[in-house]
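See the structures that follow.
Two complexes, one shared chain (chain A), two partners (chain B, chain C).
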Partner chain A sequence: MKVSVLQENLAHGLGIVSRAVAPRTTLPVLANVLVATDEGRLRLSATNLEIGITCWIGAKISDEGSTTVPARTFADLVGTLPDGQVDMDLVVQTQTLHVRSGTSNTDIKCIDAQEFPPMPVPDLRDGVVFNVSDLREMIKQVVFAASSDEARPVLTGVLLTVEDNLVTMAAADGFRLSVRKAELSQGSAQSMKAIIPARALNELARIAGDGDDTVTMSLPPGRGQVIFRTDDVELTSQLIEGSFPDFEQIIPVMHNTRTVVSSAAFLKACKQAEIFARDGSHIARLNITPGDELQPGSVEISAQSEETGSSEAVVEATIEGQPVLIAFNVRYLREVLDVVGTPNVALETTAAAAPGLIRPMGDDGFLHVIMPMHLGG
Partner chain B sequence: MPIQILPDEVASQIAAGEVVERPASVVKELVENALDACADHITITVEGAGQKLIEVADNGQGIPANQLSIALARHATSKLTSAEDLFNIRTLGFRGEALASIASVSRFSITSRIREEEAGARLLVEGGQMEGGPVPVGAPAGTVVRVEDLFYNVPARRKFLKTDTTERSQIDDFVTRYALAYPQVRFLLVQEGRTALQTTGSGNRREVLASLFNADIARQMLEVNAVYEDFRVFGFISPVGLTRANRRGITLFINGRWVQDISLSTALIQGYHSMLMVGRYPLAALFIELPPNKVDVNVHPTKTEVRFTDRDELFKGVQSAVRRALLAHSPVPAMGGQLRWTPTPPQTFSRRDGWQPPEMAPDTQIEAASVMPEYKHQPVLPAGNVPLLRLIGQVGTAYLVAEGPDGLYLIDQHAAHERILFEKFMAEHKQSVASQTLLDPVTLELEPGASRLLEENLPLMGRLGFEIEVFGPNAFKVRSVPVLLSGVDPGAAVRVVIEDFEEDEAPLQDQIEAKIIARVCKRAAVKAGQVLSQEEQRTLLSDLETCQSPRTCPHGRPTMIHLSIDLLERQFGRTGAR
Partner chain C sequence: MDFRTIIHLDLDAFYCAVEELQNSSLHGKPFAVGGRPEGRGVVSSCSYAARRLGIRSAMPMARAVQICPNLIILRGNHREYGQKSRQVMEILRQTTDLVEQISIDEAFLDVSEISGNKVALARSLQSRIKSETNLPCSLGIATNKLVAKIATDVGKSSIQTDTFPNAIQEVPVGQEAAFLAPLPLETLWGIGPKTAETLHRMGMQNIGDLALWPVTDLTKRLGKLGFDLHARANGIDHNPVTTHRDPKSISQEVTFGKDTNHQHILNRTLQHQALQVSTGLKRAGFVGTTVKLKLRWADFTTITRQITLPEPVDNERTILEYAQKLLKQNWNGKTLIRLIGIGVSGLQRPSQQLSLWDKVDYTRMAQLEAALHQVRSRYGQDVIQRGAQSPNQHGLPPDEEELSQ
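This part shows the complex of A and B:
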């Protein structure tokens, strides 16, 4: 293998794939990055067997070939090279990669590319096409609600379903549920259903490029994998097996009280309450009082802690229905208010022991369910 | 060679070989005689490591002049009259061999006066041959036995004696142990003109303990006191942090007799189950009192081996007495032990075998302070609280290393977190427990027995923050869990609690609540092997500082080990051993 690349392209590519490198592993080749010539470009790949990331960069190829280079060594080295051309030349017998740039000459010991796990080649013809910015927005609104508890693997993932031209993402951790629906610009011929690890989606949002690029998702049949592909980046992830809870039945269909507040004001009040709630059980009480002709309705958000003290904040609100006193984990409230993305938000409640539903005003695609807390005894 | 009856002289030397092995055995036999004679003042004088002179003087009953020569005959004793008595022995001696044996291998003199007589009598014996009859002499009440030139006529035995230092320390060890067993007797041991041991006879065992180990260790020793139907176990054992690499720190007495019984010391060590590191052994001075007919001391002439009629019962008793004392005192094992911990209140919960925490943790500190006034000015750490700790880092993804004002602390992250959760939970529990409703209720299917138990305890579970509904035969729906457990699989958390119900046949309400909480906290606490961020580590430490009894986990294991600056300095050889 003999190739020439630009230093900045190489550094960028290594930065993207490095997140999938498994630094501590019993399989040494997983700490390496696959470097291979691929149809006129240079392909960089890394995998930790759960997630695999591939990035293609432009290169001048003199001789085809491939090898795997220790990721850390390679990335650190490339970071110190000057701008401009980097020439790489592999001695196949010794698996040594000569890296030359400007006045520097280095040799890196590599591992044969044969040992690197094969990456699936997606069939992109029947894939589902997303707009990058839409996809990133969806991920942001859903992924935080996924659980980090490995004891229930299904909940560490995000359920993604595609039907006709409607795509739905849902995540839940046992106490809250986030559901985002969106329409696809190009309808999909087939319906799909998969549980994708939240971590893979976080990585996808990070590397997917920006603006109006598109991402193609495909589920190769029978492999238990999902592949997301942009022009020059590909992310492969294992799917989580199991059945996701039937979340539709968890979403409350009716409510007794509907409270509409400014998202920003509500978020600020929650952040304030959290300062005190975080020492105890993260419990924040919402006292929702409908208004009358003389004064507007209000939501009083209060929290207290044995050690630090207590806090109360009142937010003006438009309230339909009965007054209600309900308690929530304030961190859950804060996290959803961070991502609603509309100026106003509606909180729908039925009773103190029943779930609360949060919907952004003017965006039917998103909803979030939070289970209440209560004080026993 | 024709068979012939051995001459008396040879026979008694052979017998002496069994009883009188070394100078310390002479001391043992003579001191035991003094104790059997009800002396309350025993003076032992040793010269030449016992080979030149051993003199034991007591103020006991004494021997009448006319019986003095019988006393020296073999198989002559006042302690036993018939074979039946052999199974009901209350005295230390009974074989009637000691004086005869000792007299046969030394230049021996015995002087004795009974209280009622005005004059005493003296008898001289050399190599087992009496030098005339008893001659009247003036003497204090009691008996003085002088043994000079031990083994002068048995050069073979002499050759096998160890160095003088070893022989002297054997005598020291032996007298100290008897001083411990008989604290009401004043012992004075003078070796080579120097006082090696002096006790006051005040009856305070801890005082004697200080001469067996050292003052520092004596101060730390925990008191054991357990009375069973047939027997009683009392004495002192070392706290968990104080260990030796061998069993030699273990001293056992049965009915005032020092015995070496491997299985009894094993029972003692088993009492430390899971608290000692491999290859470490506790220190102990344990006294067992049981009816004389339950123990056979007539196994070996030196009587250091005994047999029991009811050994299992006895071993179980020793083990549980030790365990109980340990659980009642579970302070931080301070390595090097330069600091005084006030014992924490008992943290034990009722065990399956029906142990109850001792009603009162014997306040060892008060007693210790009165014995060793020089320690009064030692800094006493406030009960329970840990000093302000500065985090250094995490070791082996299981322990935190922190610096306090008085040295290094190693903290077990799991045990510490368990303690923190436990106290948070208990504090919250006193008011009302915040619980978090589940998005999707968890259905639990249980075996009939477990489900009956859970059903009976639903109100209790409710108070702890579990909202559980009966959902059909042997099925339940968990609707909400305590907030503290929201990171745990709810089904698993409930199961853990049910296991506890199953273990206790008739749990007491207030205890079972604490126990369940402890159990649940164990489940929720961070595990060993979990990497903690700096922030998490710091929070753990500061949370631990606010705990009321931060030194043990709710199950009684220590949360931290303390290495004092002093210990570090000594380990690095910066200061001499003090």
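This part shows the complex of A and C:
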């Protein structure tokens, strides 16, 4: 193999794939990045057997070939190279990659590409096509609600379903549920249902490029894998087996109180409360008081800590229904308010011990359910 | 042998007594609280004058009016009854923490730990309730709840009056079976008309007959009920007085064998007590907001100092920390200390993150909460309780006023 690439392209590509490298593993090749010529471009791949990431970069290819390069060594080296051209030349017999840039000459010991786990070649014709920015928005709105508790693997994933041109993502740990629905610009011929690890979607959101690019998702039959592909990046992830709980039945269908507030003001008040709540129980109390002819309704958000003190913030609100005192884990509130994406948000509550429902005003595609905290006393 | 002393207290014709307080012209007259005679109304409670005429609670009001055409019928004021009941129960709780309220007008008290003559104690309770609430009551005293309750009823019915009986009946230790023996079988918990008929057919007339009947035969015929009835007929009942009130504080204190001002002895004692209090809190499922330190000097002067924390605690380290702080603030390091103690009060249930997957119908739960709130705000906190909290688990027959609720 003999190729020439630009230092910045190589650094960019290694940055993308390195998150899938498994540095400490019994299989040494997993700590390496596959470097291979591929139809006029250079392909970089890494996998930890759960998630695999491939990135294609522009290259001038003199001789076809492939090898695997220790990821850490390679990335650190490329980071020190000057801007400009990097020439790489593989001695197949010894699996030594000779890297030359400007005045520097380096030899890196590699492992034969034969040992690298084969990466699936997706059939993208049946794939579902997303707009990158839409997909990233969807991921952002649900992925934080997934559980990090490995004891319930199903909940560490995001349920993704596609039916006709409607795509739904849902994630829930034991205490909250996030559901995002969106319409696809190009309808899908087939229905799909898969539980994708939250970590894979986080990676996807990180690497999927920008703007009007598209991402194609495919579920190769019988493989237990999902593949996301953009022009120059591909992410493969194992799916989580099992059945996701029926989340529709958790979504409250009625409420006694509906509180509409400015998302930004509410978020700010929650952040303030969190400063004090984070030391202890994470409890923020919401005292929701409807207004009357003379004054608007209000939500008082308060938190206290044994050590640091206490805080109270009042946010003006439009409230329909009964007054209610309800307590939430303030981090849960803050995390959802961070992603609602509309100027105003509605909080629907039934009782102090019943789930609260958060909906962005004017965006029917998103909803979030949070279980309150039961206050002592 | 150790024995308990249980007092059963019953407010005499409670609803009627409250009505008389509101309207003194009712005094001595036949009247009843309950529904209208035109409909299916029943008598919830009736005055002693009415009882003399043969009117009973749970009787259809139409029938009561037949018996006594000039019977005064009152609709009842349940909010007022609830308030009065709370006043009485509060007086009882000032006597002992071991109060088990079994209905709006009835309670058991375990007064085993209170020294002195128990009849005198009952009498002082009766007069205190009279003077503070102007309500009459009758009390039964015995070694268990079963006999105490029956004692109240026997005491009441032995007094024939047009006004309130104000009875006090004691059943001395060891006299339980003899006391019950002449009473009709139906007096015992667990003997309804059907069981009574079975027992009568077996040739039993009264509780004494049942007490002497071979227990093996009873068990063979009636199963576990037979066994239980035999014990009851002999005046045996081990049911404890169970308080459903949450404790107000959890504390530990110790009187030193020898007064001390050794810092390390005091510290070690506090450490031990903090651990015990913390364990006690956790076992009872509470956290508390106030840490108290009690100190008694060698001259018996006793001080209690406390710190209120912004967040409730149950952990040993925090409790100890504040107790030590209080000791430092209130002790000069020299004065001899006779007693030291730590307590945590301001108790509450710890906060808890609720789970999405709990199979709960929140809509129905919210409706239930609303309904409970309405009932409680009308009739008082104790008038309705969850099944698990209900004190009436021991098969006590519902009281006359309970029936009407």
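Operating definition for what follows: the second predicted complex is superposed on the first by the 375 of 377 C-alpha atoms of A that agree within 3 Å, B and C clash if a C-alpha of one lies under 4 Å from a C-alpha of the other, contacts with A are read in each partner's own complex, and residues count from 1 in each chain.
In this section, a residue touches a chain if its C-beta (ideal position, glycine included) is under 8 Å from a C-beta of that chain, and two chains touch if they have at least 3 such contacts.
The structure displayed is predicted, hence computed values, not measured ones.
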Superposed on chain A, are chain B and chain C clashing or fitting side by side?
-> clash
Determine, under the contact definition given at the top, whether A:Gly211 touches first (chain B), second (chain C), both, or neither.
-> neither
Based on the superposed arrangement, let me know which partner A:Ile250 touches: chain B (first), chain C (second), both, or neither?
-> both
Taking the superposition as given, does A:Asp149 touch the first partner, chain B, the second, chain C, both, or neither?
-> first
First (chain B), second (chain C), both or neither: which does A:Pro118 touch?
-> neither
Check the residue A:Asn329 against both partner chains and state whether it touches chain B (first), chain C (second), both, or neither.
-> both
With the two structures laid over each other on chain A, which partner does A:Gly222 touch: chain B (first), chain C (second), both, or neither?
-> neither
Have a look at where A:Ser310 lands relative to chain B and chain C in the superposition and call it first, second, both or neither.
-> second
Of the stretches 3-11, 201-209, 273-281 or 435-443 listed for chain B, the one clashing with chain C is residues 435-443
Under the contact definition given at the top, report the residues of chain A touching chain B in one complex and chain C in the other.
-> 172, 174-177, 245, 250, 280-281, 283, 306, 327, 329, 353, 355, 369, 371-377
Chain A to chain B touching residues, read off their complex | 149, 151-152, 172-177, 245, 250, 280-283, 306-307, 327, 329, 353, 355, 369, 371-377
Where on chain C does chain A make contact in their complex?
-> 287, 309-313, 318, 348-357, 362-363, 365-366, 369
Partner chain C, residues of chain A touching it in the complex | 172, 174-177, 245, 250, 252-254, 256, 280-281, 283, 304-306, 309-310, 327, 329, 350-351, 353-355, 369, 371-377
Seen from chain B, its contact residues with chain A in the complex are 427-428, 431-440, 462-465, 467, 480, 483-484, 486-490, 492, 546
